[in-house]
Each structure stands twice: as structure tokens, then as C-alpha cells.
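Going in written order, the chains are labelled A, B, C and D, and every chain counts its residues from 1.
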Amino acid sequence: MAAKYVGKRIKRTEDPRLIKGLAHYVDDVRLPDTLHVAFVRSIYAHARITSIDVTEALKAPGVVAVYTGKDIATTVGPVPCAAALPDLKIPDYRVLATGKALFVGHPIAAVVATDRYLARDAADLISVDYEELPVAVDVEASAKGGPVIHEQFGSNIAYTLTSGEGDIEAALKSADHIVTQRMVHQRLAPVAMEGRGVLARYFPGEEELTLWSSTQIPHLMRTQVALMIGLPENKLRVITPEVGGGFGSKLNVYAEEALLAWISIQLGKPVKWIESRRENMQATIHGRAQVGTVEVGCKNDGTITGLRYNVVADLGAYHQLLTPAIPTLTGLMLSGAYRIPAIQMNVTGVFTNKMSTDAYRGAGRPEATYVVERAMDIVAAELKIDPVEVRRKNFPAKTEFPFHTATGLDYDSGDYEAALDKALNLSGYAKLRAEQAKARAAGKLIGIGMSSYVEICALGPSQAMPAGGWESATVRIEPTGTVTVLTGASPHGQGQETSFAQIAADELGVDLNAVTVIHGDTAIVQYGIGTFGSRATAVGGTAVLIAIQKLKEKAAKIAAHVLRCEASSLAFEGGRYSRPSAAAASAVSEPDVAVGEAPAGALPEPDTEGRSTLTIQEIALIAHIAKELPPDTEPGLSATYFFEPKNFTFPFGTHICVVEIDKETGETKFLRYVAVDDCGKVINPLLVDGQIHGGIVQAIGQALYEEVVYDEQGQLVTGELMDYALPKASQMPWFELDRTETPSPVNPLGVKGVGEAGTIGATPAVVNAIVDALSPYGVKHLDMPARPEAVWKLITG
Amino acid sequence: MKIEGTQELHAPRDRVYSALTNPGILQRCIPGCEALEKIGENLFAAMLKAGVGAIKGTFKGEVRLEDMRPPEHYRIVVEGKGGVGFAKGSADFDLEENDGATLIKYSGELQIGGTIAGVGQRMIQGAAKMMASRFFAALEAEVQRTTAIGEADLV
Amino acid sequence: MKQAISINVNEVDHRDEVEPRLLLVHYLRDLLGLTGTHVGCETSICGACTILVDGQAVKSCTMFAVQADGANITTIEGLATNGNLHPMQEGFWEKHGLQCGYCTPGMIIAATQLIDRNPNPSRDEIRHGLEGNLCRCTGYQHIVEAVEYAAKKKADL
Amino acid sequence: MISAPFDYVRANTLDEALALLAQNEDAKILAGGHSLIPAMKLRLAMPPLLVDIGRIKDLSYIREDHGQIQIGAMTTHYQIESSDLLKKICPLLPECAGHIGDVQVRNKGTIGGSVAHSDPSGDWPAAIIALNAELVAVSKNGERLVKADDFFVDLMTTALEAGEILREIRINKSNDRTGQAYAKMHHPASGFAVVGVAANLTLDRNGGCEKASIGITGVSSKAYRALAVESALTGSALDEQKIANAAAHAADGVDINGDLFASEDYRRHLAQVFTKRAIAAATERAG
């Protein structure tokens, strides 16, 4: 295809509505007579609900209904868990608590009123009596014993799983050194700037329901909610309007979504619930939350012989859609960018009286990368080798791809050394080390940290996914020549309206503005999987590309018929099919379909008489008028393709950062941040940069600031953004980015994915830099977030 | 959260002890306690309006006295629940004679939940200390008053 | 009890009767239908609800509508003039200063005040000037570039 | 998040506000609202009546009168931050203002509202103490002056009595050998002072420290004057060692509060560090 758009820094087509304030997020969708829902949520982490008195609430102004657990116990199915693991314990997760409340924020009652103020007022009038129960908060303690959350399982252990290949015992035995480090991956909150929100509207006559939800997975939600409330799936339409960020937190089916749908059916009216930030902190999934110990065996020269990671994963009180599966992704990525002959992960998934953990940007892979990249630095320190050399020593060569890892994966393509070298050059690594030595001599705490990561993207082959790993696309050329792309991916900020249009415009040879990408409406778009796991472009973009190729096969047939030649002899250039002889003359302007003027007839009449070339847009018109089609040709010009990838893709890169620590306060300041990323072929460098920037900032958030804290009674003490610290502009460094480009062989676009790279690669780079800065004090490790006090304590001993 | 401290009251130990276990006095000393009604042996129903500055909450709950060993030790357990959340605290009081005065060593746990726990984290320690100091200030006044007017007038 | 208020929003006069507790952001969104101003937190941290009240950037979730009685308000919907984007809106578009777009209206409004007060800000000044606005998507770098773009554009006008 | 219902009156004059306050015991004064409104939205505060004094014109001013700086209680943080007059004659105030919250908060929040709210991590109280300000409290019964040292009583508790409104903050103008500075560690989420130290030093003609006034916020339940630091500074020339020695007393005798972000020990340490920094900067500026 002629790359007029692909690979260019094209500004986004979705932006005008967003920068004018004219876009519609769920709460911006207004329907007459909408009722509003407010929730009463548990203030205890673990308690038996002994009684709920809703009498006063029902009498309150504007209140239409109040629902509690007993109302939905037999009518709304449980919140789904799609993860399948051997002997997995799956608790019954009802959309309102029935019997017991298992975490702070657990919904207990829903008040429906004529406006949101009145609903909120009435919620205060509901009186819940609790009998407090002992809590399971600490994940390691809860794995061993203590109060059991789900009595029927006898313990808090949801599953145990061992993964990896190779003889780990032998591998560790053969090592000259074994380094061991306990690491905490603290619990994080995704904090999409728009919280969750649901608007449900039931049409009693049609017996149809439309659900607007701020979600990453409209089709999967349709299926799941239909099953939960017992509505035929084809009577449920899910629309995702603008989605104000997801980061995995909206890759889920939540209690509130099914409940709102059910309430709308009960009341025959639209009902809306918009999550408050407090609710978002309490009852939207959290991420990470692993505590593990890594053992790494290495030879004296730095060669890694084996890696074992024993980890307990804090699952929270219930399983959301993918909760138990997330730690298994950690197991898959424990080889990092290295040749490690034997790897083993032993994971124990543990229930605790907290909100569920699930996929948060990176989803299990940041934990793995952190373990491996911290371990590489610990090995380097143990052997007194430069961390660069330890990494280089263990990289597979670029000729070794596809590269099989002891975690059971086959990395598609890579050149890890090239990315490392580029990052070393860009950062001036040797000079940085010299400056560091000088600064240290002057008593300054300067640290240089790096991370050479690999991540797993383009999730993924259906075999590896709980609900299909393909993605779908339909591409249509409308009679007037505009191009409509329907994608099953459901982007929410990633910019696929632009990047998919770039792919389509280039492949069809049309103007970018002629292409409209539609997503996020199950009544319009064919079934799709969604946007998560850095999959939209690699899987969904490929579906678009192949759908277009299918469409062009048909278009060529029509063109050949009209132009009276063989399809195989046609040239296609700049959106125009030409007879062999006419190819040279194709610059001659021929009439296009008129735009902006209504034709006299139902459709404009194509003038095909004596033509030697036809634009693909004219062919669309011909295909719709259907008077000049080859025999046995379906009218219309559209094609649908469901792309099933054969493998994941494996982007990689090296990040290097330089920090200075304030010796007196323990505060960390960035001096440099260099990132060289390889996400395969790049469709739009502007968007890729944006993804990298945002990803790095979330990673820095984990490294320095963010932590969801429950106290020993299971109270969420970081319940608002006053306590849960999101990175601010003033705290962030200037990112110096570069790229290498190693195409993926897994898809014809050669793209790998970039949505999570920053988040995966950057966290260990930052922590490695801090540990490096503190190394004069004998510091070998520090757990995140590296709050000033923790750093200060290490400095003062 | 742990709370502990030592407070000297200028009254003899048995008088302080009896004040500390007297519901009328307790009601006047516990900051914001608007009602304290006996509902069982050493068990009282309480109604509290507690707060600092603009932040105020009404709590309904119980006050229980335990482990009573006059005049040297008892434990007070306070539990309250309201719109802004709940608070539960227990404190052991050890009373020592100190040259005619009484030294109270107290050590306890405070647990809070609900909105106040989710947003008030940075203030909780200060608020607890303020409550304690108000309590002891009021208690000092009470023991002085009861010393002055005599035990018989205790309510 | 409801109170009468009179507010000029984006150069249109509005008179309404509102409950005193109605937040200004809800007044704009629910009564006037100006849904470009968003709510991202409830504790005056995130800045998604930033608007201009009498020319000053404020967080409309931390203000009651009754407090704005008599005020002149500009929301994101009122920033463009005669259909032309404000240089700041242009900057955000040109420099990819937004991804999900949710923080964007508040961010743009805060940024317009920033360059009004400081027409030629350094990158550091831009970052500090936007500390009342959180963005979870962009990592801020493109936002800084967007503000630089707008400052330059405005200076060139 | 939605506040409980309340009545609202916008006072046009101070007298009107005072009358309303006198009639309604539980009424709350609404100034900029940046402390009160979030608490109301979380329903941690549910006042039945708000008396809005934010628009009372003659409460918003910055002026110099016979060597005294007078600031109306409804003057916004931004007005102070950007005041050329104050930058010249009392630079601690604009510097401190610039550390409060964020731009939007500074546009709306007022010095009077903040001081009267007396958040234990608020910035103003440190400066108010360091500047030995006097606060004018007014009630139906007239005015009274409260010294900064007497104003901050306990956690979010001030010397203002029921029915009183803070009307004005008065500061005596300092001489040209005075140096002032505010040093602060910002909480990464809320922006509040983990520790904030305001230093106000006057040197004698030989460069020795004639007068030192240090206010510290964020450390305890209320802002306080670091008396031990002041006396360690006064009367001698200030070098690095002298300053460090004095700053070591920053939290002497203070009941320190810890929280999730900073323990008591760490806060004590930070109080010393930021005291040192504030004094060093103030000394530099005085010289």
C-alpha cells in the first residue's frame, strides 16, 4: 500500500469534539424521565448484615424504589469470572451483598430516585445493622490462615499454580551465586479520570434494553449482562459513548452494570448511575498487589542459570472478570528479555477483605518485568558488574527469533541489543556514569537506573484467552464514496479513529477525511472483543487491513467488469483502478462522485461510458446501484473480517533514567529520562509517543507515589485523590524518546502494540535508579512506592 | 491506631476512679456526649456529637466499662456509628497515686471506618489527641468540682 | 429553599431557581446542558471541572451555583470564537495533548489562564501552572507542548 | 458527591453576616469554600445555613497604612501571591500564597477562610505566626485583636468565638534588614504542607540576628511558634552551623502527629530540615 498516512504524525480526527467540549461521555447522555441510583455500601471490610431498614428511605422525596440483596438474589446472576484455572475457587458474587459484606464499598442497597441529589439523600436514611467479623487483610497472613472469607472453601486460598519450564532445582544448583529478594508490588488504583457510569433504558414495548456504559468491552458486556439478567442477547444493545480512560479498570463486567439494567426493566424507565471518586477508589478494580520472593542463579560471568518466583497474589474478596488470571501473566513474562534456561513461578491466589484486583495497565507483566529487572541489577551488584553488561550477556541474539522461553512463549522478533545501545547512546551512559562518580565524590546522591523490558501484547490468540482473542472489522464504502470502518475494538483514548483511518485511507487510496471509524455500539458493530492488552492495532488494525483487502478483491472484480479487462491485469494506485494501458494516464482527472449535492435520482448515476479508470469510490456506487455488476456478484461493497492472530507480539525496549535524591528529605527528583521502545511498525508516531509518555508516568506513579492502603481493619484509608497521589505535571521529567523498529511477523501490519510498554518498562528503571543512588549506603532494594520517608530511613540507617 | 499517654489529675486516686466510672461525669467529660443512659451493668447507651471545626458527626452507640479493679484499673470501650462512619475505641486506664495527685496512664486502640476513615486519615491522630485532651481537661474540672462539693453530690 | 440566580454563561444570560446546594458544575451540566465541563473527583484536586468565573479559573465542583449569581462564566463550549478554535484548543489538537479527553476541557481552560497571566511561560512554569489539573493518559509532555504552541500562536496574533 | 440541603444567604455587609451568625448558632461562614465545600460534599459537614461573605467588597484589600500592612479576610490567595506591594514590603506572604493548593484554589480560596479554618497542614498559619500578625475578630459586640500566638488553639480550632468573623489581618512592616522565606514539603496528592516553615528574620547593623520569628505548620495539630529556634538564633551572626544548630530545635516540646505519608519521627526530622532551609533563605535575603 502507498503510505500516505501510515507512519506519519497525523493529528487525531477524534479531537475536535473533545477539545470543544462537545463529546458525550455516559453522564453527558441525557434521556427524559431518567431515574438516578445511589448506593449504600459497606463501611466494614467483613461483616454479617443482620438487617437493612429501608422504610425511611422509601418515604423520602423523589424515591421510586430501593433494592437490597434479597431482591436480586434469585433474579440477577452473579458477577462473571472468565478466568479458567485448575481447581479455581469461584465465590458467588451477587450484584448486591447477600448475607455478608466482604469489603469496604461492597454495594448493599440501591436507591432509585427522580434526581441524583434526592437519591443521595435517601441513601443516608437506610439503616444497616452489621455484625462485624474478623478480617483478612494482609495477603501473606491470609494465605496461611486466619479468618476465612468464604467459609465454603475452608481457607482463603483461591488457587495455587506452578508454571515454567526447565529443571529449576538443577539450574539453581549449577549457579555460582544465588541472589534472593523479597519484593512487594503494591496495590494500585487505575483512576481513570472518568469513573464508571451506566445508563440503562428499557423499552417495555419492544422488550429491548439499551445500556450505555463506560467500558472497554461492549460486546463481552452485552453477552455477560444478557446472561446475568436473563435477557436474550439480541435484545440488549450496549453503547460505549466516549470513555474517559480505562487502563484495564473498564475491562470488566461490574455489579452495577447488570443491576442498572435489571432496575430499568423493573421500573420501565431509564436509570443512571455515575460513580463518584470515592466509589471508584472503593469498588472499581485495583491492580498489582503481589508479594513475592525471587531467587536467581547466576554464573560468575553474569550468565543467568535459572529464576524462581514464589508469590502470593492478593485477589481481593471476589473474582472480577479476570482476577485470578492476572498473576498467571506474570508467570509468562518472567524470562524478560533474557535467555533463562529454567524458570518457575509458584503462585498462590489469596482472598482478602478488599476490592478485587484485576487488569490494570500491564496486568501481571509489570510485576514480572519488575522482578526480572530488579533481579538483573541485584545480580550486577552481587557480581560487581555494570548492569548493562549483565543484561547484554543474557540477551538472545536477534538471529535467534522466534525465541523460545522457559515460560513457554515464543517471542516473535526482537533486537534487544539495538534498543539497549540506542538508549545508551541517547543517554550518554558512559558520561553519565562519570558524572555520577564526580557527584558522589561531592556528596550527592545520583542514581542511574535502567530496564530492558519485553512485554507481551496483541492479546491474543484465542487459545490463550478466556473469551476469544481475535478482533473484527467491517469496512464499507458507501454509495457516495465515504468509507465506514466498524471495529470490534473499543478504543477509549488510544486514537484508533485516526490510526485505523490511516490504515484504511492508505489501503484504499482515499482521503483520510473520507474515512469514519465507528466503534462501541453493539447494534451497529459486529461482535468484537475490545481494547485492552495492547491489542487494538495489532489485532483490530489487522482485521481492518484484511477486511479492506477482501473488499478490494470484490472491487477489482467490478472494476474489471466495467472496464472490460481481467481483474488480475488492473493496476490500483491512489484509490483508482486502471486498465493496463491507462495506468500511465491515470493522472488525468476523471469525474468523481459528486459530494455535497443531492442527485436527482435516488443515487447519483455513475458515468462509466468509455472509462479506462475508476476510483474505488465510484465502484462503490456501481456496486450499490447494481446495474453493471459481473454475474453472480453480491451488490454493495463491504467486507467483514475476524482476524485470529497466531501468536502474541513482543515489544521491547530499554529505559534509562537518572535521579537525584535529596539526602536530607529522601525526595527523588528526575534529572533525565530516556526511553527507546520498539513496538514494531508504527502507524502514527504521535500516538505512539503519547502512549509511551502516559505509560511511563503511570509507572513512575507506582515507583514513587501511588498505593492503595487498607488499614489492619480493612478500612480503605486512601479513599480520595487527596490521599492517593496521582503523578502531577510538575513532578514529571521531560522524556527523551527514540525508537527501533523491528516488525512483527505475527501480523501483516508488522505492528506489536504500545499501550502498556511505558508502564511495564519504566517502573524498574526508576527503582533501579533510586537503589543505585542509595548504593553508597549499602542499599540493595527498596519497596515501592519510594516515599521520601522510606528513602530517608535507608539513608539514615 | 494506638493512643497512649499519661495525664496527671490533681485529686486523690479513689476520687478520680469514682469520677471515671460515674456515668454523669463521663457524659460531661466525653467530648460531645449528649446522652449516656444506663442500659445494663456498666453498660450505657450513648449519643455523641463529635467533631472538630466544621467537621461534625452524630454517633449513636455504647459505652462499656470492663475489667474494673478499683481504684487502680478499668477499661472503657466506646463504640459509635453515624452518617460519617463509625468509631470504636477501647482504652485501659491505670491509676497511680502520686503525692496526693493521680497519674492516669492510658493506652488504647482507636478504629474508625466509613467516610472519616477514607478521607480523614491525616487528621485522625490530631483529632484523637484533641478528644483525649478535652476529656482530661473536663475530668480535671469535674474532680475539682466534686472534691469541692463532696462525693454526695455526685450525679 | 430555592433561590433565584442570574448567570451569564458563554455570553448568554440565564435565570434559574436553584437549591443552594446545587453545585455550579451540576448547574452548568444538568440545567444548561453544557456537558463539556466534567467531574473527576469531589475534593477539588483533579481540575476536570475547571471553568472561568469572571475571568479566573476555578473548580466548579467546589462552588455552589448560588455563589456564582451575577457572574460571567466561560466554559469549554464558549472558548472558540466565531467558530474558530482558541489557540489553546488548537495547541492541544496539534500536539496531541489529549487522549481520552476527559480532563481536557478543564486542562484547556486552566491553560488559557496560564498564558493570559504569563504569555511566555517556561516548561517548568507550565508544569507548575497546571498542578491543579490531573491527566492520567498523556504523561503531560504533549500538554506542555500544546501550551507552548498556544503561547506562541497567541503572541503571533 | 452531594451536600446535604442547607439555606444560603449572601451577606452584602459584614453587619448583615454578623447578625445572621448571631441568630443561627450552627450557621457557617462561607468564604472561598475550598475547605468547607469538600467537607460538605462528603457530608462531613452539614451546616443548616451558609452565610456567604465572599462578595463583601470591603473585605478584600491589601493596603499599607502607617507602617502597617492590612489584608482583608476575603482577599484571595492569588491576590496576595500577585501583589506587587506585598512582594516589596512583605514577600513572605506572596511566597507562602504561591505554595497553597493550586492555581484554581488560589483564585478562589481566601486568606481569612484558610486562617479561620486552621487546617493543621495549612500554609497561612505558619506565615501568620512568623509575621507576628494580629487578627481582627469582629462580632455584634465589636472588634477585638488577637495575636497570632493566641489565635491557633488546637486542631482546626481557633480563638474565634461563636458569632465572630475574622475581618482583617494586620502585620507590622519590617525594616530593610529583614529577610523572609517559606520552605515546604508538599504532600504529593493534596498539596498540603507535610511540613511548612515560615522564617522572618531581622538582622542588626552588624549582620547579627536581631529578631527571629519562626512559624511551623504541618507538624502538629496546629501551627506553632518555634521558640527554641528563635532564641537559638537571636543575638549572633548566622552561619550554616549556627542555623543548623538552631533548626535542630524545630520540634522541641511539640506533640507531633504522624500519618500515612510521614511518621512522627520523620516529621520531626523534616521540621528541622525545612526550618534550616527557611532560615538559610531568609538570612540570605536579609543580607
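The criterion applied here is as follows: a contact is a pair of C-beta atoms (placed from the backbone, for glycine too) under 8 Å apart; a residue touches a chain by one contact, two chains touch by 3 or more.
A quick note: this is a predicted structure, and the numbers were derived from the prediction, not measured.
Chemist: Which two chains have the greatest number of C-beta pairs in contact?
Modeler: A-C
Chemist: Could you work out how far the Cα centre of subunit B sits from that of subunit D, in whole Å?
Modeler: Those two chain centres are 32 Å apart.
Chemist: Could you put a whole-Å number on the gap between the CA centroids of subunit A and subunit B?
Modeler: Distance between chain centres, rounded to whole Å: 51 Å.
Chemist: If you average the CA atoms of subunit A and of subunit D, how many Å lie between those two points?
Modeler: One centre to the other, that is 45 Å.
Chemist: Compute the distance, rounded to whole Å, between the mean C-alpha positions of subunit A and subunit C.
Modeler: 28
Chemist: Counting only residues that touch at least 2 other chains, which ones in subunit D make the list?
Modeler: 1-2, 4-5, 42-43, 187, 189-190, 260-261
Chemist: Among the residues of subunit A, which ones contact at least 2 other chains?
Modeler: Counting only residues that touch two or more other chains, subunit A contributes 117, 124, 276-278, 717-718, 720-723, 726, 728.
Chemist: Please list all residues of subunit B that touch 2 or more other chains.
Modeler: In subunit B, residues 83, 115, 119, 121-122 touch at least two other chains, as defined above.
Chemist: What are all the touching pairs of chains?
Modeler: A-B, A-C, A-D, B-D, C-D
Chemist: Enumerate the contact residues on subunit A facing subunit D in the complex.
Modeler: 116-117, 120-121, 124, 276-278, 664-665, 667, 704-705, 709, 717-718, 721-726, 728, 731, 787-789, 792-793
Chemist: Quick one: which bits of subunit D touch subunit B in the complex? Just the residue numbers, please.
Modeler: Per the touch definition, subunit D meets subunit B at residues 28, 35-36, 39, 42-47, 117-118, 120-121, 154-157, 187, 190, 192, 220-221, 255, 257-261.
Chemist: Which bits of subunit A are touching subunit C when the two form their complex?
Modeler: 11-12, 14-16, 18-25, 27-28, 30, 117, 191-195, 242-247, 276-278, 492-495, 686-687, 689-690, 692-698, 720-722, 726, 728-730, 732, 734-735, 758
Chemist: Quick one: which bits of subunit A touch subunit B in the complex? Just the residue numbers, please.
Modeler: Residues in contact with subunit B: 43-44, 104, 124, 278, 281-282, 711, 713, 715-720, 722-723.
Chemist: Hey, which residues of subunit B end up touching subunit A in the complex?
Modeler: Residues 83, 85-86, 111-115, 117-119, 121-122.
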